[in-house]
Structure formats: C-alpha cells, structure tokens
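Chain nomenclature is as follows: A, B, C, D and E, assigned in order of appearance, with residue numbering initiated at 1 for each chain independently.
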C-alpha cells in the first residue's frame, strides 16, 4: 500500500494540485479557490506523518525513479528540513484559507496555481537532496514569485516584479554556474556525494563555487547587499504572497545556504566571512525599516533584519548558535507571515499602506490588532513570546565565544533590536492609541481571513508558552547539523 | 506551601485574563474581579511574612533552572507591589469611569494586573532568566498603561519603552555573559562565578546590569523618560509607576550589589573611596546628583504631576544612595525609604489624581483654594508632602535620617550635603504643590467641586494611615528589613519599635517622642488659642490689596512661576540638558541612517545588479589572491 | 578550451550588458547572453575528446566513447528555464513601458529607500 | 517624674522668656544705634497682649488659623531638642539631624496658614522665605556636619559635653563658627536677609493677612524662634552652659553682636541672598569641613 | 566611463577566477562518475536508447517535473501580466494584412509543423529531441498562424485543459510509482520493451508525450497572450 509518510509527496501533491487547478479552470473558476487548501491540508498531514520516522532514524530519504541517490534525485528530510517543511506546509494551508477571502482580482485561477507552485517550490528547496534539483526548485519558486509579485499589474508591482526578475535570473545563473563547477569537480550532483568527493579539494579550489552558489541563494535569501529587490517586491505582492515570501521563501534560501555550507564547505574561514554578511544584513534591514512610511515595506525590511539575525546565529557555528537560528526561524516564519496577513486585512479596510493612515485602526479591528501586537512582540523578542526564547538563545550562543568581535556583534544585534522596537512600537502606538484620520468605516477583517490569522497566532502563542518541545527539537536538529548527521545518516540509510 | 509561590505569581496573570473576560459580561464584574484578584494576591503574599524559601524550581531553560524564591527582603518589595496595586485598582474604579470604550477599560485592568504579576515575578525570581523575563514583561505591560493617557502620553510612552528596551538589553548582555561562564543563572551560581572571574569581567557585569536598573530606577543621567511617562500616564497609573515600578530598579541594584556579589567581593576587586568600592561610590554620586538636580527641576515645574515625577527621581536617589553605602544602616535606610517612598508618593499621586478627577487640570496655576472643597484630599496631600519632605514624625523622615546617619558614619560628607540639600529643596516644591492646589484663591470655575467619591478616598486613607504608622513605628518595617538583610550578610542594627537607640547610629531617634511632644504642644497651643476671642471667617476676597478692590474675576493668586527668583539662581545648571544631548545623538543617528539608506537602496536596478557583481568579484579576487583577503 | 573561454566571455558580456546598459531590452539580451554562456559551459564540461552523442542507435556501441549525458540533460532543463524567464521578463518590459512610457532603467525607480 | 513635668512645662516658658527679652532688648538697641530713643523696653509685651486680647479676629479658614498654632507647636517641639543650661531634655529622642527638620516644622506650619489667606503678598513672602531657607540651609548643613564629625556624635548633649572646660568649638573650628553666625542671620530673617517680611514691598509678607490673636501667636512663635536659633549656635559653638545664667549671657553676647551688624546692613534681593549663601559661607564651611575630615 | 572600466575589470577578475578553476578540469577530459553509470546501465534500466532522455525523464525526472512547473509558472505569469478584463477586451480582428505568400504558405506548412513536432516528441527516447523540442516546434506553428492571421483565436480554456491534463498525467504517473512495492516516485513500471522500438522504455515516451503537449500548450498560450496584448487591449492605455 502507499506509504504516505513519503517526503516526495510533500512536493508531488501540491504540484498535482497546481495542474489540477489549471485543468479545472477550464471548466469552473470557483473550484480553483479551494484546491490549494486541500493541497496543503494534505501536506500538513503528510508532514506530520513523517515526524515519527524522522525522530526514529534522524533522516528519511525518498528516492525517485527507483534508483539509489547518487544515480537519481533523492529527497532528504532530517529534523531541520522537516520542521521547515512543516512550517511551509502550514503557512501554505493557512494562507490558502486566507486567500479565499482575500483575492478578489482576476485572473484568480492563475493566482492560485502560482501560489500553490510557490509553496511547493519552497518545500522543494527545503527537502531536495540534489544540487541541480535545488537549482530547479529555486527557479520554480522564483518564477512563481515573479508572477505573483506582478499580480496587481500596477506601476509599483510591475517595477518590483521586473527588478526581482532580473536579479533573480542573475542569481539563478550564478547558482547554476556554481553547481556546474561542483559537478565538474566531482562528477556528481547529489549533495552528500559531492560532500564526500570534494573532501580532498582544497578550500581555495572550492571557494569560487561556494561564492557563486552563495550569491545565487543569497539573492533569494535577502542577504545584504543582494537583497535590494526584497523591499520592493514584498510590499508589491498581494499580502498573502508577501506572507509566504517573507515567512518562508527567504528562509528556505537561507536554509539552502545553511545546508550547503554545512555539508560541502564546512570551513571556519567561511563562517567568519559570512558573519559580516549577516551583520550588515541585520543593520541595513533594521535601520531601513525604521525610516519606512509604507507598512508593508517596513515589514519587508524587518524581514531582512530578521534574516540577518538568524543568519548571524548560523555563522556562530556552534550547536547553540544553530539552535538559536532555528528557533528564530520558527519565530520569524510564524510571526512575520501572520503580520503580513493581518496587515493585508488592514490595508483592505484602510485603503492605504501609509503608516499614518493606520492610526486608530487597532481599536476597530481588535482581533487583528491583538495578534499584530503579539507577532510584533515576538519579533522584537519581548517575553513571554517565542522570540524572546530564540533571542536569548542566540545571544547566549554568541557570548559563549568571548572575543571582542562577538561582544561587538552582540552589541550590534541588541542595538538593532532597539531600532526594531522603535519602529514596531511606533506603529503599535499609532494603531492602538492614535486618533483615526479619516471617517472611513473600518470593520474587522472577514471571518475567513481572521481564521487564518488566529490559527497562526494561536500556534505562536502555544509555542511561546510551551517552548520546551521546540527547544528540544531544535537542539536535536542543531546537533545533527553540527555532527554532520546529514551526511553520516544519508550514507548509512541511502547506501551511497 | 511550595506551590503557592507559583500560585502567587500566577494569581495576577490569571486574574488579569478573568478580569478582561469579566469585562465582557458587565463592567462591575470586571471591577470586582480586578479588586478581588489583587486582594487575593495581597492575601497570598501576606502568608510569606517572615518566611524564606530558596529555590522553588518552576521550569528550566537551556540548562538553567528557573527558580522562585522568597525572603524578607523580597517580602518587603512584594508588600509594596501588591498593596499599591490593590489601592491603585480600587482608585481606578471611579477614576477611569470617564473612559467610554469598554475594551480599553477591560484591557486597562488586565494590564494593571499583568504589571503587578510581572513585578511579583521580578521580586520572586531566583535566577536571572526569570528575572529578566518578568522585567521585560513589566516594561511592555507598563508601556501600555502609560499610553492610556492620550496624545501626549504616546510620546512619553514611546520614550519610556525605547529607553526600557535599551536598559533591558544592557542587562541582557550581562546575563548572557554570565551564562556563557556559568551555564546556570541561579543567583548562588552567579555569585560563585562572579567571585571566581577576573575583576574586569565582574565589573563589566555590574556596569551592564546597573545600566538596566538605572534606566528603570530613573537615576540620572538615564532618567529622561520618567518625567514624561509619569506625568502623562493616567492618574491611577502614575502611583504604580512612581511608587512601585521604579523600585524594581532599586531591588535590582540590591540584588546585584548584595545578592550576586558577596559582601567582600566588591572590596577585593576594586579600590575603595571612603571605604566604599569605587563602583558603588560612583553610583552614590549619581544618586546624589539625581537628588539635587531633580529637586531643582521639580522646584521649577508648573505641572503637578511633573513636579511629583521629578520628585520621584530625587527620592529614588535617596534609595539608591542608601543601598550603595554598603553599611547595614545605609542599606536598611535605602530599603526602608523604598517602602516609604512607595507609600507617600502613591498617596501624593492619588491625591493629585483626585484633584485632576474633579477639576480636569493639573496645571498648578489653574488651581487654588480647593481646601474648602476637597478637605479630605487636602489632608491626604498634606500628610504626603510632610512625609516627602522628610519632616518628623512621618515615615519619610525616618528612612532619610537613617541614610544621613549612615553617610555620616562613613564620612561621605559631600554626598551627605547633597542629600540634605535635596531634602531642603523638597520643602520648596512640596509647599508649591499644596499652596497652588489647595491654598489661595478658589477660582470661580471650581466653585462646584466636591470631594472625590468614597472609593477614591479609601486608598488615600489607607496610605495616610500607613504613612503615620511607619513614621511613628519604624520598627515594624525594620523587623522585616533587618531580618532579611541578615541573610545577605549584613550586621544587624540596633532598633526598637519607635526608633533607634544610640549605638549603631551616631545619634538616637525615638520618633514616638517627637510625635507625642508635637501633639501635646499642638494641643496646648490650640487650647491656648481657643482661650482668646473667636475669629470671624471672611471671604477670600476680603484681602489687603493696597487699596485695590479684589473681585472674583481677578486672578489674584500668586502661583505661576512661584520660585522664579530662585530659578534665576539655578539657571546656569539648566543650560545643560541631558535630554537635549540624547536627542542630538538620536537625530544625528537618524540623519546618518537615512543618508546611507538613500545611497544603498537607490531604486536603480543597475546599482542593485552591480552589487551582485561586486560580491562575486570580491570572492573571485579572493581566489585569485590565494585566499589572502581575510 | 575555446568553449570554456567562449562561455566565460558570454557570461562576462552578458553581465556587462546587465550592469552598464540602460535599455531594458538590452538588459534582457544581456541576461540571455549570460544564460547562454552558462549553457555552453555546461555542455562543454560534459564533452569528451572524440565522444559521440549518448544514443544507442545501434546495439553494441561502446559507452566509453560517449560524452557525459548528464550535462546535456541539465542544459535541456536550463534552456527551458531561461526561456521561461525571458518570456516573463518580456511581459514585464511591455507592462513597464506601458506604465512608465520609457525603457530607460534609470527612469524606472519609483520604488526606493 | 515631677522633675520631668517641671522641665516639660518650664523649658518652653524659659525659652519664651529669653526670646521675648531679646525682642525687647533688640528694639531698644536698634533705636540707640539709629540715634532714636526707642520704645519702652516692655513694648513687645504690650504688643503681644494687645493683639491677643483683640475682640475682632479675622480668619480666612481653618488652615489659616492653624498656621500660627502649628508654628508655636513646632517651635515648642524644637525647644525640647536643644539642651538648655545642663538639661538635655529630649536629645536622646532626636539628634542634630532630626533637629534640623524639627526646626522647620514651625516655619512650614506658618507657611501653610499664610498661604491659605489667598493674598499674593503672603505667597510671595512664603516663596521668598522658603527660598532663603534653601539658601542658608546649605552652609548650615555643612557646619552641622563639621561639628558632628569633630565630636563623632550627632547627639547635641554629647556635643555640649565634649566642649566642657572651655574647649569650645569656636576655638577648634573658627571658620565653622563664623559661618554659623552668618547663617543665624538668615534663619532669624535679620538684616540683610529680611526680604521675606520686607514691609515696604510685600507688606510683611507671610503675615500680611494676620491680625489679632493670630499675629500675637506669630509673635510668640518668633520669640521662640530667636531662642532656638541662638541657643543652637551657643550649644554648637560656645559649649552650651551648665546653668541658666551663663547660658543666657552667652546667648546675649551672640545676639548683641548680631544686632550690632544687623542694623547697618542693607537688604539683599532674594536671589542675591541665595547666591551669597551659596558662595562665601559655603566655601568657608567646606574648608572647615575638609579640615575636620583631614584631621 | 570609469564605471565601464571598473566593471570590465571586475568581470575580468571573475572570468580569470573561473579560468583558474577550470584549468584543473581541462576541456575534453573524461571525469564522469554518475554519467558513466548511466551510459553503462541506462539502456538496461530504462530501455531508452537515448541516454539523455533516460536521464531527463527517468533518472533526473524530478528535474524535468520542475522544469515543466517553471514553464507552467512562466505561462501563468505572462497570463497574469497580460490579463485584460473581459469588458475591456476588444474584438480580435486582423489588424494587419500579412503578405499573401505568408498566408498561403502558413496554411500549407502548419500541418507539417504539427506533424514534425509530434514526431520529435514521440521519438524522444530514441533520437535526439523530446517533449520540449517537439512542444516548441508545435508552438512555433501556432506562432506562424498568428503571424499570418492575427485574428486567430485559440481557446484558452482548451489550452488550459491540455496543459493541466498533461501535467496531471506526469504527476499521476509519478505517483503511481509510489503505490508499487518499490515505492518510488516516477518509477518506470511499464515493460521496457525492445531497444530502439517505438514502444519501448516504459513510461518514458508517455511522459515525453505529456510534456510535448504541455509545452506546446504553454508556449502557444504565451504567444496568444502576447498577441492579445497587441490586439485585444482596448480603450485603456
């Protein structure tokens, strides 16, 4: 019988639904609305069914075409990729519900197809075990995102979409060159296999390939200075798409960098090199966010900042640092996507993206505003929300290495947290206590949209107040990554 | 019994939620819930009188245990927190009635209880994570309370929360540094680590933690949030902020100075001045500067709550000054002053709040003559200002006296002089307060003002009684303080119920004698006074005015710029404004940040693409140079 | 070897066009040039001296004389991806022209900071 | 027990008598300095009695009436904390530091009453009085600390005892004594620090609305006040006294010298007064304090 | 000008670095590892004589699924960008009148183009070529048709159904592999047949046919969208 706990289903089912949407749109337009919900609902179920296997073995490998990994493409799920996949599926599910009530612009069926494709691509990037397949997944995600960013077809959307497309294409080319260089060096494309075969290469030989891959993924992953498309593209997209873009897509690209760095290019110099990127990303993201007048643009810059933060934690190259990074990823994904969803609902009511117009909205849209506050607090790292635990972990991990550089980094991080607090509180304050400007009737967002928000919010609250399982899980995931269990287990289970 | 620490901590939080839900039912359900739960908290708290628990583990995080503990010192602070919170909630019931929006009120009570719970958490914490966690919760919940006050309060709250976050992150760094050494943040472990680490490390820890506490305690130069926040907050919130919240900073200082650093540690790792470790000596100086400068500022205020807010900075200076002396007497004085200040400052804020409730203004020059309309409030305010000014026989006097004695014993005379000056300055501004609000000409628009409702009076009466009792029987508080301080390694000080025999102090004090003699002389003088012919009450306009006819239309009261001539004397001091310095730097940083944003995110795709190429070029160059770029 | 150099040059020229050229269409051409360069690079990697196409049109062809099939497969994929991106990019350019009335990249910067 | 009650009743009376006698002497001496004949020596007693027995008393309210009462009560309280001619009285219940505060009770009470009159002159007077108080408090505190450090006690009786056998503080800390003398001017509101009451400007300031028995009480309270300030100076610097006569003589000497300077000096503006006190007296007192510290 | 020089130097640096890297892997040298495996075992394992096809559709079939998705995404993206609301849409008509030769020639060539394209993707597992190539050829036929007759209408619904159906075929074929004991996506479950026969290589030709249809439909769709952008965008500017 079919073993449903197969990671490949995480990709295959959304893709199936993508084509189903295309097919069904020939007959009925309204079916397309609801198909993504089923797709990602199934995905969530499957992801949850994979959990026991992963917990037992530490790694699950799914083959394609009936061949062992180096011969054919494989999907590899370990703890880290599993939880990212769960988050992605979950976000896909929740945002699909939201979409049903949010998208009211033609051509809807294309939107739903692309949206499903986007999330599928993200999951794909997360669980693939093959380097070229990663490039394909990268392109799937990008293409879907390009189309979705331009969805509104207005001036800003088109400009943002085009910028994103050009930068993304350059990134794709660089990524491909990097992958090909590795292929030229090793003759294989499987990540684990490359890791094995490239072990004898010197660091200098590998470095250019790494730099190209890093650049390609870094463009998608919003690392400074490769992230200039992001503050344009995230606000221009429909809010539900922004939520996926900010919440999980950049994270998935960063994950890919994690994975490749950790398995193939695990050198101390690299981490040192990456730390500068991380800190610059953090600084520029947060500082830029402070100056924004456009609420979605602010959130987008904040995404850059958060990315810098968890990327920094990754570059610490210690179990604790990685654990902090993973916790921060969970925090950021849940909070930021929730924020975008809420803000989307608010923009619908307010009719503007200017922060000044949001004065007093919090009093009218109470549920939304409440969860907005929760999400922002969590992002700022205020207790008792989950962001606090992750920030705590990151700082602890950073200060475990007592050198002046680390202390300086920590100071930067905390200063940037202050900046973050400054702009979030500015917004919250206006929203809850400001005088509403116009007489426009502002109502609470529709029930369906709220459902999505509340689901995410409750999950966030749950992990905030009961973080122990997540902490344990991320700790395991982090030590897996540190001990290179990905390679070891893949070798053991995959029979490479 | 072990469970009940957690219960004590949980009660306000649960109560807050229930209160919020209760508000959906009816506003009285909400009010009763709020009062009941704060009462319940107070009751639970009282069970811990004179008890000590070390280490009630309630969880663990990253390998560090989370611990709740209690001892008499924490009990003292618990007393402050729970009692003032209760009174504030009772006061709020009527005071906040004008707010029509139900949700706002529901969340207001919820936040009040949350702040209370957070502060209980801070006090009960037995490890730094718990401490820090509740510290942050306190910051943001109190922020929401502050911004309930309207437009201006938003800026004030913003300043408050930003400074709080900065302070909190300074603490955060320190905590993380400790954790990286100890992998446990339970106080004894931390103390052990501090005693074994290099002095530089320890000093940095103290400085970083100290910055966090200084922000919250509003010790100069980190005080700039306080005058705005305390004055713009809703009337019932101000006492909570001034009376209780800033005491958390004082508690934190007590914990680092005497809980985390063992008694001799500070002396061993740094040189001493006047037998005080340098760091503590600096703290003392900052506190003394706070006392004097804040007093000057308070004298010049035109706004009743702002005046009281500056006075809070000044008074918390005494607390910190006492705590930093390091002698039994000084620390006991500091702790006692924390309690006393909580009592009388809450009393004052409530009284001023009552006036605002009835008149709608807190501008001193708009008020006057209210003694005839609001006698109860007047009495409360007078008792409060007498205590604040440190005049015997009320409570403010005893604690100040203890601090003076401690300083004198240590021969820290310059600090002592500053403390004295601040105290005399207090006469000026407290008189200003009572004069401009209650004495003098009653303006026409306040003809119909009544005294406040009974629910608002009760808290004031309770505080008046507490002021008198702790003033005349300082031994009541000293029981707790001395017992608690013994646990932190302090030598006991000689005291009795009525004061201090000469022994551990340079002079003796017996407040009950002062009080009784004063009462007797007062009664005698009064009787003597009554012996003579009765006096005839005349209208307030029946005045000597050098021939001018005084009519109600005339603004006759002298209340604006009351100490203008004194202002001319201290003008040079105000040329330097700490706030202006901060603003300058913030603006500079903003301009700087904006400038660079405009050069990085130009909106030009060419530029963006060239970034990508540059990154790759750097990598390529690195390869070509043989990896020598790093 | 000339294939390698040719592909590098194509990539470089493409990038040069992307950075220096102001016209949107030229930028797209640059993109495509770079992509073609990459594709050429991929195919060149798989080449073996005197190799034949990896097709067993007759039984008994010696596999060792064939070129690497993987790069060819990868190129196939890459070409399609490039084509897709180009199609989308062209669509964007059309819309951009409609909104801004220009193809000058310097004038299309309503989103900044 | 009986002795205690006797002291309790006697001390205020004696203090009042001394204070009143100084008031009487002052007017006479001042007149002589100004080459006037001056009133009869018991004129102040006439004044007080006249005021007290006045039939028509005007009051602006309860607080207004309470002002003089608190003023007297505070003054009497202070009397008990200053050792008088060998009696230490309540010095065991409150030391020098407490005394500084206790001395303020009377003034504050009066300020409270005066403020209730709603007369701007009164308010201005109080504003000035408090400002002046703030002014002289700084040097006063410094010299009090110097003395306390000199004898390692804040108990006034002990300080007096330590000065036995002519070992006065005046000789050991002459600078402090001088400052103390200057401070006493301000504390008593004598020239050049009489801007508080300045009759020509603010019509006797705080007392402007007081009349009748209220003003009488205030005059009584002033008598106490003179006693307290000068007795404190004597106790601190002139070694107190073992019997009432010597005590009186010492006080008289101090008072006499004060008046001699008093009437020839002009009047300070209030801000100038504060500036004055915060300049030279403070510096001198600090020098003295440092000398004590170094010793 | 400086800018141009600077970036030329930058790009030269990159090229130099690439050259340095590839100097270690000279052109034309055998460095296959996995590739060799394919060459040696490909025929036996997949039954396709074109090893590239066996790699594209079987060994790395998952890449191809991605590729198809990318193309689909691009088509959908173009459709989104060029979307015109029905009420704004203008009637399609021949806005230009192409040359007579084109008109007639296209009528003659069109069926042959279709046939050729079909041939290409049906023989994808035997000869060079396959679904993408064949699909593109078919789409070029549509392009020709549009050039000759700008008013031509292709039913978007049908195109959509075709591409959806083709995609579904691909995914469902893949998913069927999961139900088999091997439990592997895209498992080649059909008999391999005889080498070089049309009906060989199991599911490979089926997938390639599906891909062919899909690519043809998508490219045709893109072309249609672009034509529409020119022709049927009405009053709005």
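Please note the rule applied: a contact is a pair of C-beta atoms (placed from the backbone, for glycine too) under 8 Å apart; a residue touches a chain by one contact, two chains touch by 3 or more.
Predicted, not measured: the structure shown is a model, and the values here were computed from it.
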Residual chain clusters - chain B taken out, nothing else repositioned: A, C, E | D
item	value
Touch-network distance, chain C to chain D, counted in steps	2
Any chain in contact with chain A as well as chain D	B
Winner on C-beta contact pairs when A-C is weighed against A-E	A-E
Centroid distance [mean C-alpha coordinates] between chain C and chain B, Å	67
Computed distance of Cα centres, chain B from chain A, in Å	43
Chain D-chain E separation of Cα centroids, rounded to whole Å	106
Chain B and chain E, separation of their C-alpha mean positions in angstrom	72
Multi-chain contact sites of chain B, meaning residues that touch two or more partners	597, 601, 603, 605, 609-610, 613-614, 616, 619-620, 623
Contacts with two or more other chains, residues of chain A listed in rising order	132, 136, 139, 143, 146-147, 150, 153, 158, 161-163, 166, 170, 177, 184, 189, 208, 231-232, 288, 291
Full enumeration of touching chain pairs	A-B, A-C, A-E, B-C, B-D, B-E, C-E
Interface residues, chain A side, partner chain B - complex	162-163, 166-167, 170-171, 174, 203-204, 207-208, 210-212, 214-215, 218-219, 225-226, 228-229, 231-232, 269, 272-273, 284, 287-288, 290-291, 320, 363, 366, 377, 380, 382-384, 388-389, 392-393, 395-396, 398-400, 402, 407, 410-411, 414-415, 417-418, 421-422, 425-426, 429, 432-435, 467, 471
Complex contact set, residues of chain A against chain C	132, 136, 139, 143, 146-147, 150, 153-156, 158-163, 165-166, 169-170, 172-173, 176-177, 180, 183-184, 189, 231-232, 236, 288, 291-292
Chain B-touching residues of chain D, taken from the complex the two chains share	12, 52-61, 63, 65, 68-70, 72-74, 76-77, 80, 90, 92-98, 100-102, 104-105, 108, 111-112, 115-121, 123-124, 126-128, 130-131, 133-134, 137-138, 141-142, 145, 148-149, 152-155, 203, 208-209, 212-214, 216-217, 269-271, 274-275, 278, 289, 293
Residues of chain B touching chain A in the complex	61-62, 101, 103-104, 129, 132-134, 136-137, 139-140, 143-144, 147-148, 150-151, 153-154, 157-158, 161-162, 165-166, 169-170, 172-173, 176-177, 179-180, 590, 593-594, 596-597, 600-601, 603, 605, 607-609, 611-612, 614-616, 619-620, 622-623, 626-627, 630
Touch list for chain B against partner chain E, complex	610, 613-614, 616-617, 619-621, 623-624
